[in-house]
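Two complexes come next, and they have one chain in common, chain A, joined by chain B in the first and chain C in the second.
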Partner chain A sequence: MVSLFKNTFIEKRTIVLKKKITRLSFLLPTLILLAIFILYPAISTLYLSLVTPSGNIDPISNYEDVFGRREIINTKGISQGFEFPLGALLHNLLWIIIHLPITTFLGLILAILLRDVKGNAVIKSIIFLGMVIPMIVGGLIVRFMFDKYVGIIPSFLNIFGVIPKNWTIYPETALFSMILGSIWLWTGFSMILYSAGLSTIPQSYYEAAKVDGASPMRIFFSITLPMLKPITTVVITMTVLWELKIFDLVYVATMGGPGGSSNVLALQMYLYAFRQYNFTRASVVATILMLITMLVAIPMIKSSKGEERS
Partner chain B sequence: MFKEKNLNRQPIVGLFVVLFLTFFILSGIFVQAQDAVTLTLIHPWSGAEWEQFEPVIKEAETALGIKIEARAIRSEDLVTLLPTQWPAGTAPGDVIFLTVPSLILKGAEEGHVMDVTDVVNPGDFVPGSVGYVTAENGKVFAAPFAEGVKPGFWYRKSFFQKNGLKEPTTWTEFIDLLKAIQEIEGIKAAIGSGNGTGWPLSDVTEHFLVAFGGPQLLNELASGNKSEETWSLVEAIFKGWLAKLIGDGYFSEPIEWTTAQDMWWNGDFGLFFMGNWLTAMVEDPSDLGIFPIPGTKGITGAIDFLTASAYTEHPEETKALLEWLSTEGQKVRVKFGGTVSTYRSVPLDLYPPAEKMLAAKTSEMEPLFDLDDVIGGEFQTTFWDQLKLLWVKPEKVDDVLEVIHDAYLEAF
Partner chain C sequence: MKKNIFHTIITHVFAWAFALIWILPFVGLFMTAIRPYDEIIYGWWKFDNFTLTLQNFVRAWNHPTAALSVGMRNSLLVAIPATIFPILIASTTAYGFSRFKFKIKNYLFITILILMTLPQQMIAVPIFRIMKEMHQLDRFLGIIIVHSAWAAPWIIFFMRNYFSTLPIEIEEAATVDGASDFVVFFKIVLPTCIPALISVAALQFSWVWSDFFIALILVFSPDKLLATQRIPLMRGVYFVDWGLLSASSILVMAVPIIVFALLQRYYIKGMVGWTLK
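Our next item is the complex of A and B:
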């Protein structure tokens, strides 16, 4: 009896071990690729950011040097009443502050408005076009959208008496022109996610609310919005990550100018690495971006794990 | 039974046909591969400028018996592309056009660019041109091709005649001319400001530096002179002349340069500062007139240098192509206008009339190299970017100068 139990136990352990080995062997190629192409470069970049050009480990001086540079934080511009350029770090922050709420809210509203509209698939596809356009092309489009002579935005504003000007060449409007252009490019993403999310909300909730006499506004805030919380988390996280790594649109539209007034961290990292050949500074910026990204991504992962468990 | 036999034979026959055809095709490819060497040539031109250069490639193929695959990559993009490809032991082409001597010499020092001393004779080219790409040990690492000079302000003769204007001979006359043009109906600004990655604005700026500081100033800046005196002169020119003219509204806001060119040609601007390649880009070159700021003694230019990649699979053919392009190739190129040869054996009668007019006007000027091209690196990017700011905010000239000065000091 005891030996039978023992044999069964050993058999079960062997099966479990075999399963683990099988899982690992399937995961191994991916893990190796991740280690080579993501983990190793990330660790190398982090190490490079901690080492001075002379080879000594001195993280303080490297980070001090980068944060003290006007292209990252322009204290002069800040002290002169927030006159552009403010520095790439603040430009990225502004991008998030303006772009995030507008695209999130706009995407939600569009998803709700187009839910029951005839031909909504076509309309949604048109709005989603911005997402499928390569950002290089998007940058060119933004440049022309805000052009003094042919741009749609200056022409539209001219109807209200605003004198047309070329937004991308003036320091006070260059960054905002790209933020506004990027709203058009990114809103399709949040709209599609919210559309998918709306279709998962049971109709019975809305019917019950109507029977109870709830107003449309009450239904929106009490049913729709709470049920879309997981989607909102994803939209916010992905949007912030996109805003942090924005590069190609800026590169094409303004190259960070004029005078650095539309510069962003990813572009500055590129300029440090491939114009100045200063890989230490570029690594510092890359590490900063990585840390901010992790600050945003980790809560999302935790939140989605929590949702899975519940 | 007869049908069965035939059916059995068909696959075998078919197999023989396929094998024969495959062998035939492969042998043709193999023979072709052995016969025609194909070299990749990286050049920066597109549009009208490409149409002027394409005949040079065709002549080179005929003369050298090789095939040339031409690919366009802008010089501004090569500045970032090459330093990343070189350490990997590769380059985008066999022969590569570059305008930045410092990058060429850096590449030579690190072994990415071939020594072409045996195929480039400095005496065959305009004085000083080969010197930019000669290392301290005397070895030459590139050959000069054609040069784009930035001679001054272009105007349409018909526009001047119609409005009773004439070329200025003093600074006061120049200002009076600008005022007169500004008052003409339909004119948006006296001078159209072309923009791109930043270089048309830097050309204008360097013209002012040469006009008021003399050729000596530009030479000192190019060699890394950090003296307070030199920089004070630069500041004085920026504040006293350049920023003042911009602030007085004589320059338009920066417009993409090909658009600005069209606008100038159509009468939106009276004057347009551009390089001599303009002569090949307008409908009627005979209507072109040119004048520098009165009293200017130097003329800036940018030479397109030909480099041979050290990673080429055909080093001899690559050198032969480089040699041909820098010599005979220039004779072909100048016929299409828009450029000036650095090869001294190119006779003047090969040039179109507009270039002959330009040569007559600039013959007494000292040739100087484009400052931001000579220094390159972060200085060039910063210089371009800050000038874009100066053009729309001339009141920020102090801030602009401070940033440019910092970048200049870091470059040396």
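Our next item is the complex of A and C:
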């Protein structure tokens, strides 16, 4: 009797153990992969950014060195009345200041307008195409569009008396032509998200507002915009992350030139690491990028971890 | 009523004008690719002479130093396993995060969310060193592993959210009948997830195909270069050969565009779900 009880007890324990092992095997392969190939590299980059080339832990001198570099922040360019190059960090900032409001707003307007346009699926696909193509092709198209001879934009502006030139090889236009091109590439993103968001707003809200005699403006500001707030958070976050990480486009369109006047942080990190073999500076730039992206992403991370099933 | 018609016309004109501007770069690229160089040198929009030629595509395909025929094959050899492998392991993990209870689950999940926002630059230097140590530099296996690891966080996130929308009763019933977690997952749960898996596959395949940064760091011998890496190499030394460049751009972007065209619904659902929930 006692031995029988003991046996079932052991059996039960082995079943529980077996179950635990199965459950571990659901999680472990990916977690190990992530630990080796993402987490460990990220931590060593962070560590590398804290250690001076001579081997002392001295983050302040490393970061001071990078922030003092003219390719990161060019105080001379700023003091000369914002003459390019301004430095990669400020170029990224400028990119955000111009690109973020335009793409977000344009995407919203398009999503609203296209609701009752015939053939809206075709128009949406066309605008979304910029999100589908490789960014390296996107960068090439930017160069192509702004080329002195084959580019349609300089030729078009020639009608208004602007002398055609290669926009991407002049310091004062290189960055702006890429920002313009990236608006063309990215507007599809906010448009698609807002379109999806609009379709979740119940039609009855609009009908009720119309019955009450609300103007289209009033309906937009009191119903549409507040209902789209969570989408706006996502659109803004993802757009800023994209703007910070921009690399391929610049690599193929201008390579950051001329003279660094269209350089961005992600490209400068690559140049430090794989052209100049200065891994300390490269790691500092990468860490700065990571800190900014994390700061930007915190609201979204906070909102997404809480929605687990109870 | 009159005001309504006016409004409709304005909206339509605006929307289609917008679409026209937006497609113009693609039209230009296409026109440049299918015509000889001397016809487009002063603008592809001039149609005084119009000769149709596939010469640019042939030259891009058989380019002496950066042949796209090899590049596209290489990209397929990387993108297909780098789509299947992470989906397999990450969706399994996602199921674990959605259904199992364990102590450090929340901390692990937040870590994964943070990894999702990481810039690729953050792993570039160490991953180069690791791959060198493992003798996987300049090899497809190395880049497949990095892409799989890189994709795992967002696939886990996406699939976990999908799993939490599924009814749990069927799984519980199967467990009561004595089915193990593996049987429940692979036989019951996974078949109901096919739409979500197609979304993930469409996006992951397109992204790996379009990737440039990871390839730039890990692959460098001329016969191994991926399709995206070959485009910057096709720039001429003395002049920019736009015929060749536009033809190769069209070939390289054709693959993700075909994926998008065939799986449009899944592609957009993946995009919206991946960012929204």
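Here is the rule we use: the second predicted complex is superposed on the first by the 276 of 310 C-alpha atoms of A that agree within 3 Å, B and C clash if a C-alpha of one lies under 4 Å from a C-alpha of the other, contacts with A are read in each partner's own complex, and residues count from 1 in each chain.
By our rule, contacts are C-beta pairs under 8 Å (C-beta built on N, C-alpha and C of every residue); 3 or more make two chains touch, one makes a residue touch a chain.
Model, not experiment: these values are computed from the prediction.
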| item | value |
| --- | --- |
| Touched partner set for A:98, first chain B, second chain C, both or neither | neither |
| First, second, both or neither for A:274, with chain B first and chain C second | both |
| Touched partner set for A:140, first chain B, second chain C, both or neither | second |
| Chain B versus chain C as contact partner of A:259, first or second or both or neither | first |
| Chain B versus chain C as contact partner of A:48, first or second or both or neither | second |
| Most chain A residues touched (candidates chain B, chain C) | C |
| First (chain B), second (chain C), both or neither touched by A:285 | second |
| Contact residues of chain A, present in both the chain B and the chain C interface | 274 |
| Contact set on chain A toward chain C in their complex | 19, 22-23, 26-27, 29-31, 33-34, 36-42, 44-45, 48, 110, 113-114, 116-120, 122-123, 125-137, 140-141, 143-145, 147, 149-150, 152, 155, 184, 187, 189, 192-193, 196, 230-231, 234, 238, 241, 244-245, 247-248, 251-252, 265-266, 269-270, 273-274, 279, 282-283, 285-287, 289-290, 293-294, 296-297, 301, 304-305, 307-309 |
| Contact set on chain C toward chain A in their complex | 8, 11-12, 14-16, 18-19, 22-26, 28-29, 32, 40-45, 89-90, 92-93, 95-98, 100, 102, 106, 108-115, 117-127, 130, 145-146, 148-150, 152-153, 156-157, 161, 164, 168, 180-182, 185, 206, 209-210, 212-213, 216-217, 228, 231-232, 240, 242, 245-246, 249, 252-253, 256-257, 260, 264, 267-268, 271-272, 275-277 |
| Chain B - residues contacting chain A, complex | 79-80, 83-84, 195, 197-198, 253-255, 377-378, 381, 384-386, 388-389, 391-393, 396, 399-400, 403 |
| Residue numbers on chain A that touch chain B, as the complex places them | 70, 76, 148, 165-166, 169-171, 255-261, 271, 274-277 |
